[in-house]
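Two complexes are shown next, each including chain A; its partner changes from chain B in the first to chain C in the second.
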Partner chain A sequence: MRSMVDDARIPKPGFWSNWSSWEEADAQNSLGHDPLFVFPKDKLVEEGSNVTICYVSRIHQDNISCYLEGVQIYGERLDRSVSAFELKNVSFIRKKGTNVFCKVDQGGALGGIVLFVSKVLEEPKDFSCETQDLKTLTCTWDPGSDTGLSKQPSQSYTLFESFSGKKTLCKHRNWCNWQVAQDSQETYNFTLVAENYLRKRSVSILFNLTQRVHPMTPYNLFPKNVRATNATMTWKVHSIGNNSTLLCRLELLAEGKVIQQHNVSIKVNGEYLLSELEPDTEYVARVRCAYTNHFWKWSELISQKFNTAEAAPSEAPDVWRNMKMVSGHPTVSLFWKPLSKVHANGKILFYNVIVENLDKPSRLEVLSIPAPARSTELTLDQCSYQIHVTAHNNVGPSPASVIVISGDPGNEEVESGRVNGTEDGFSVSWKPQSGDATGYVVEWCDGPQDLPCVLQWKNLGPNTTSTVISSGAFRPGVRYNFRIYEISAKRMAHLLEKKAGYLEELAPSDNPQVVMSNLTSHSFTLSWKDYSTESQPGFIQGYHVYLKPKAGEQCPPAFEKTVLPEDSVCCKHTIDNPEQKTFVVENLQPESIYEFFVTPYTSVGEGPLDAFTKITTPDEYSHILIRIILPMIFCVLIVMIICYLKRQWLKEKCYPDIPDPYKSSVLSLIKSKENPHLTIMNVNDCVPDAIEVINKPEGSKIQFLGTRKSLTETEFTKPACIYLLPTEKNYSGPGPCICFENFTYNQAASDFASCGHFPVTPQAPPHQLGPLTSPENLLKALEQNYMNSLGEIPAGEANLNYVSQLASPTSGDKDSLPTNPPEPALCSEYKMQMAIPLGLASAPPSENSSLSSATLLGQGEHYR
Partner chain B sequence: MRAQRMRRTPLSVILGLLFLSMAATSKCLGKYHELLLQLQRQADLMQDTSTLLDPYIRIQGLDTPGLKEHCRECPGAFPSEDALRGLSRQGFLRTLNATLGLVLHRLTALYQDLPEAQQLVGLNIRGFRSNIHCMTLLLRSSSEAETPEPTQPGPGPTPPPTPPSDAFQHKLKSCRFLRGYHCFMHSVGQVLREWGESRSRSRSRRHSPRRAPGDTAPSGPCRGGARRMWPFRRDRRLMPRGHLPR
Partner chain C sequence: MLACLCAVLWHLPAVPALNRTGDPGPGPSIQKTYDLTRYLEHQLRSLAGTYLNYLGPPFNEPDFNPPRLGAETLPRATVNLEVWRSLNDRLRLTQNYEAYSHLLCYLRGLNRQAATAELRRSLAHFCTSLQGLLGSIAGVMAALGYPLPQPLPGTEPTWTPGPAHSDFLQKMDDFWLLKELQTWLWRSAKDFNRLKKKMQPPAAAVTLHLEAHGF
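Up next, the complex of A and B:
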């Protein structure tokens, strides 16, 4: 051990004493009862120091591990129970100290220490002192890091003034107040000492008090007498000493920028007239002051907002018009731009539009349009009008903007040109027409053509022949149309030129809808007449027609081979006329598959590569086949349908069941060719001279109706005959009946049907006869017999037999049937024949008879 | 973990202020069940290590392997759960009040280490003691004839007179003390919960040491380590009817 004096009064460096003699200590015995002892306990060191830590264990064990914040550390073993660890360049971890501990691996005994590592005390920075009132000095500094720990409080600061020998312990870390002495001390030498357990740091400054005056912030800054173009600002300052003067700086800001700056020397009250102000404008005035005797620092700023008063608008509104005819009347849409804030001089309340007829004296028409409207519409007649437009605010109107409208719009058709767009906009130029132009106007629509036009215009001077039209609304790929008007001395506008252009041309975004027609074996026609070239993102220069022929085939003559982006090869034809919207693809092969695709192109490129449309050319004869066979098939179908619908008529005409001699075509043929007077013989008209009767030797297998017996079972002893009746129609009595052979007639049927008689067999009971006398019974019998006959007719005999249809004039009375037995005399009238199955030969006669009951009943009239 | 603590902090403040205001106005809940429920909830809140122990371990740098496991409760520092269960209700409340008084005193010494947490926990303990006072009054009014039970001597928190320890030992001791405090509050919560359960049981089993099946009390902060039975007198007086629930 050795020692040294540590006192500020003793100049450094001091001198160490001699070392004491060595003393021997028994470490183990000093441990007490703890099995493990780690030291030094609660050591306080500075960051970056090297620290040696030892442990002494009461039990001699090798399995003791030591850790620094949980991380094992390795040291030097001094003997069996003592080890030392050197920690180099220790760092600050926490205010609660760094934990270092050792423990027996298995026994659980634990010993440890807390090493308090303090941050290094820093020298105070930016130490300075100043006064606001020459009474109190305020010293400030940047303290740097806090060195406080559990073991050590934060560093303290002491202010020491060497001339007065006074010092004060500062209560705050970064500032301290010092009372200025009453003895008018002007010069001060301050030393700031920062101190903690480990270190002291100090910094000194020397200054004159009057050179460290930092005035307090001015107060009560207000505008006074605020007008449209000037205002007076007033403010106050805190006095410094007696009769001290302050230099104040008054600044005027508009939209955040200082536009005026004025210096004013004052004692307590300040005042300044600000001029050249804009009407109806918000300003900010701010003031700061400094000690005049010796400038040290400006005081803090004080600010105040104020608004100047309004004034009448200083400029006429920028007016333009758009003319159109509505229902035969010229209609003028007037547009005007809102006045800029600089020119409006206040809030615009309304616009006045005064319309004056120039052709004939009339009353002025005045329209008042409330703001913020920017347009109005006027319907005029064919006269010329002068229109005045003024903007009004609270104070008054603006100068008038005058425009003259001619009632006769004239022929304003002019040639259209193109204009190139650049990054800056469209560079539009024109050629003056007349020498008395007072100006030019370029108008355009800000949006695309398919959107409602937002009319824009630009006024230009009379000597201007070009301008750059720029707008934030311009977009690439949109066509903009510009119109250049010349304003005459009479303030009338005449259209000079039209220009169209793109800010930046783009490739077409879509392809035309192509219609294919006139497909032949060697050609087809493509057309895209609906494609509008006006609404494309660039000037359409033409079209590319792509054609993919079948594999191995050469391109048609008008095409050239090209490679598509997807590396497929196809043929391409270029149409360099944007108005040509049809194209005939020729020289094709029959029965081949072709794919085509049409795309427009601009100066930038062509449209998107869409899908190809596939077509197949027909063979060379297919069109012939189509032209002949299809109509034929159609005609056949028509004929078949007609035949089907008229089958009954055809049947009667061509193959009736019973030929009608009067309807026979043979008759007409004979009539026309041989003997026009030839007629069909009517039996009634004939007076028979002689009748040859021929016996029919064999019987017919005719089933007789009502007896349920086959005719073969009935022996006809009488020959088949026809009764010949007298020609007199009024003959009513029975008479001789002459029979002649008619092989087409069935005698049995004739006996029954032609006379309406039912032959009654002797065995037939009377009751069997009765029911048949009524039509109902007859029908039943017929049906029953028909059904039976269908079952009994052999297949080979189920053909038609002609049944004689002889009707007696009296036999038609059905009431006489049961009472009047068949009388052959009544059978002389020839009736139309009908075809019925053999078994139904007894059906009543009818021209279109069938076996339906309705027909049978209806035919009853024939009996009368 | 921090977020969880942040969520709990306002709740602790609210509860603490509530209980403080109750104590300040000296108005006690006259309903046994509500008071008991409040005590149970307070005990659950105070056994939560995130309010005190966890911040302490983190601030002191004890959350490192090798040190963490040495922050376990000192046997005998606080009455064990069995010892608490063996007390009569009046005795239990007196012991609880005395123990928490010592805890409050000890926490004041930890103010430098845990300024914010210590303040909140202090409020909680004061509120809890207020409710203990109310419960004591409620039990006393319902059993006027009950023989006054001597106050049990203060439990372990009073440190034995030992030479001043170094900072390392102080850290470990404080850590163990805080863990013991949370364990103790866990045991208190268990006993209070049994008070509520005992109403539905027979009187003879009012202080059954067994836990009720399906007990959903929060798991306590105490893990492992034999807890010494606190030698309190087993006084199992019945509560008079009419005031205490069955």
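Up next, the complex of A and C:
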């Protein structure tokens, strides 16, 4: 054992004493009766130390295992009952210490220690001392980390001043107060000693007290006499010693930025006049002070907010107008922009609009429009007016903004141009028209055309011929129209140019509604006249007409083959004139299916790919047929209608109920063409050979002709015909069914009548009519009669064969046959009157037979 | 038969188990005490985990079972089963009360030694709960008419690590304190459950009474 004095007052290095003599001790016997002991107990070491641990056991050592934090460690066996373990470079694990324990594997005996590892004590950093009032020194430092072991309290701090020899134990870890001595000690040499159980660290500073003055924060900072452009700031400071002067810095901030800075030397009260202020503006004044004798540190800041007073607006409002005719009267919409805060100099309460007629003297019209309105509307007449607009706040009016409106709007038609949009906006330029322009105005609407116009304008100087119009409201794909006005010396505006442009052109968003017309077998016409090129998201440069022909067919000549985005091939025709809104698709195949689609295109691209419209070209001749058939059908309809309307007349003309030979036009035709000597045979002139009176029911006739039933069953069930011999020339009493038979006529023709030519009596039985009961017999009879008649006809009378069939129940002869009351009238038999030319009659027998058959059938038809 | 029914209904308010307006007895207090022990068991499980980690290995190892070296003064919860069964209610409650009085005292000492604020908060919260359990046991004892055990002078448990008491042994004491506390809470749950069943009203008596009338 040896020793050394360790005191801060004794300069280092200290001196060690000599080693003491060795003493012997019997450790094992002095321990007690526990089976296992571990040493050293509760040792406190610094981080990085090497520690030797040993155990003493009363049992066999092979059964003992030792662990450091649960991990087995292996040591050196020193003795039969003692083993040692060396732990190198131990580190801090936890405040509650590192656990080392040994245990007997079977017996359950256990012994252990807790090794407390402390972090190395750090030297205090940033040690400094200062005073606020030259009475108390405050020393501060950064203590660094503290291990905070339960075995060892936190390190202590002691402040020692070498000149006075005083020291104080600091109550806080990072600061300490020191009372300045009354003996006006100026220089101080402080040593700060940090100490724990294991180590001691110190740091020293030497300084002059007056060079470590850190004044206290000023107080009572207030504005005084605040006006529109100036204000006085006052404040106070804590005095430091006697007659000490402080340097104070007064700063003025507007919108967070320092705009003025002033240094003021004061003892206790500070005052400063701040000038060049803006009216109606919020400012912040702040002040801080330092010791004038020796600058060490600024004090903390004190701030104060204040507002300057209002002043009259300093600038005329920016006014613009828009003229239009409402109900025949020129109406002016006046717009003005709110004055900026810099120029308003206070809250704008209202705007005054003074309207002065320049053409004739009249009273000034004054309108007062309360803020925040930005426009008004004036209805004027055809005179010229000068309009003054002023903005008013609490203090007074602004300078007037003057604008002159001409009663004659003039011809404002000017050429339109295009303007390109860039990221910065629209670069608009123009050509000056007259030399006396006092300025230019560019006017536009912020929104798209289909929205209400939010009129915007920009005033430009007289020497300007271009400007960049930028607005946060500009959007890509919207057409903006700019109008450039020239302001004359008389304050009148004249439209110079019109420009239209897009901030960024886009591809068309929709396609036109296409109407297809004039469809023929080889062409059709497409038109989209309703498509407006103005309201598109880009300048329409033209149109693409897409056509899908049927598979395998080539594109028409005006088209070129192209591939659509969906990889389908079709034909495309480009129309490069945006105003051409019709197109004729030609050279098509008849009876073919085509699909078409029209889309506009801009410089960016074409419109969306919509669905194709399908059409089928018609047949090549169908239109011709339609042209012919339709008029024919129409004509036929007309004729039918006329026939229907004139049916009575037609009936009389063509097929009267009682034909009148004298009225027959047929006769006149035959007469004129064939034989001019043809005359009408009068019945009265004929001498009848025989008179057939037929009386048979109508229904029986129908049966005979329609069903061809046997005559024995039908016609002769009731005697119908009465045959009269032509014995009396003047007999004029025709019965209900009377056949006149004249042998000067063709016998065959007369045989066609339903009446037979057999000279039978009325009482004749029906079977006597056998030869006519079948058609074959009838035809045979006809042939025979015909051949006979040819031989019997006299040469002088053979030029006309006439069969007269008269059965007129309406004639007056009916009274002459009282024996046949009403019945016969129902079965009056009609016989066709024919005038057959001789040539026709002399035809070969075969032909005559066919003719007779036809006549018979025609007769039958008539009955039906 | 009808007369019997009327007689039963007439005497029904007189049956103690069905008389709701009377004193509920110690039953609810015992139930609450039982619930509190279960809650404390749950709370201690979390606290012990945190605290044993704070002590470090081997104390936080699950199979660590050191000899009870320096924790002789801690009240033992383990008892022979026959002995436990033969305990009367008063003795049972008295042992509980005394055990928790001691354990609470040791636990407060543990709280003072804790180095971290979080751990101190957890320990303080648990001590408050344990104080509540102690009060609850006292309430049950009072309801049953048993006097509270008076601590003998000089036997007040103290938390004195002492110079001879090494830090390792102190950690062993802390370990055993938490372990005994856990065992005591488990035993108390059994105790109060037994007591609860014992104090339940004899509801079957009513049934038997009714059956006696021929129902």
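In this section, the second predicted complex is superposed on the first by the 498 of 864 C-alpha atoms of A that agree within 3 Å, B and C clash if a C-alpha of one lies under 4 Å from a C-alpha of the other, contacts with A are read in each partner's own complex, and residues count from 1 in each chain.
FYI, contacts are C-beta pairs under 8 Å (C-beta built on N, C-alpha and C of every residue); 3 or more make two chains touch, one makes a residue touch a chain.
Keep in mind that this is a model prediction, so the values were computed, not measured.
*Asks:* In the overlay, answer first, second, both or neither for which of chain B and chain C A:495 touches.
*Replies:* In the superposition, A:495 touches no partner, neither chain B nor chain C.
*Asks:* After the superposition on A, what does A:97 contact: first (chain B), second (chain C), both or neither?
*Replies:* Both partners, chain B and chain C.
*Asks:* For A:148, is the partner it touches chain B (first), chain C (second), both, or none of the two (neither)?
*Replies:* Second partner only.
*Asks:* So in the superposed three-chain picture, is A:109 touching just chain B, just chain C, both, or none of them (first/second/both/neither)?
*Replies:* Once the two structures are laid over each other on A, A:109 reaches chain C alone.
*Asks:* For A:70, is the partner it touches chain B (first), chain C (second), both, or none of the two (neither)?
*Replies:* A:70 contacts both chain B and chain C.
*Asks:* Of the partners chain B and chain C, which touch A:383 in the superposed model: first, second, both, neither?
*Replies:* A:383: touches no partner chain.
*Asks:* Using the superposition on chain A described above, determine whether A:205 touches chain B (first), chain C (second), both, or neither.
*Replies:* A:205 contacts neither chain B nor chain C.
*Asks:* Does the superposition put A:247 against chain B (first), chain C (second), both, or neither?
*Replies:* neither
*Asks:* Could you tell me if A:42 is touching chain B, chain C, both of them or neither one (first, second, both, neither)?
*Replies:* both
*Asks:* By the touch definition above, which chain A residues appear in both interfaces, chain B in one complex and chain C in the other?
*Replies:* 38, 41-42, 67, 69-70, 93-94, 96-99, 101, 110, 112-114, 116, 150-151
*Asks:* Under the touch definition given earlier, write down the residues of chain B that touch chain A in their complex.
*Replies:* Touching chain A from chain B are residues 59-62, 64-67, 70, 112-113, 166-168, 171-172.
*Asks:* What residues of chain C sit close enough to touch chain A in their complex?
*Replies:* These residues of chain C touch chain A: 54-59, 61, 66-67, 69, 113, 115-116, 166-168, 171.
*Asks:* Spell out the part of chain A that touches chain B in their complex, as residue ranges.
*Replies:* 38, 41-42, 67, 69-70, 93-94, 96-99, 101, 103, 110, 112-114, 116, 150-151
*Asks:* What residues of chain A sit close enough to touch chain C in their complex?
*Replies:* Interface residues on chain A, with respect to chain C: 38, 41-42, 67, 69-70, 93-99, 101, 108-114, 116, 148, 150-151.
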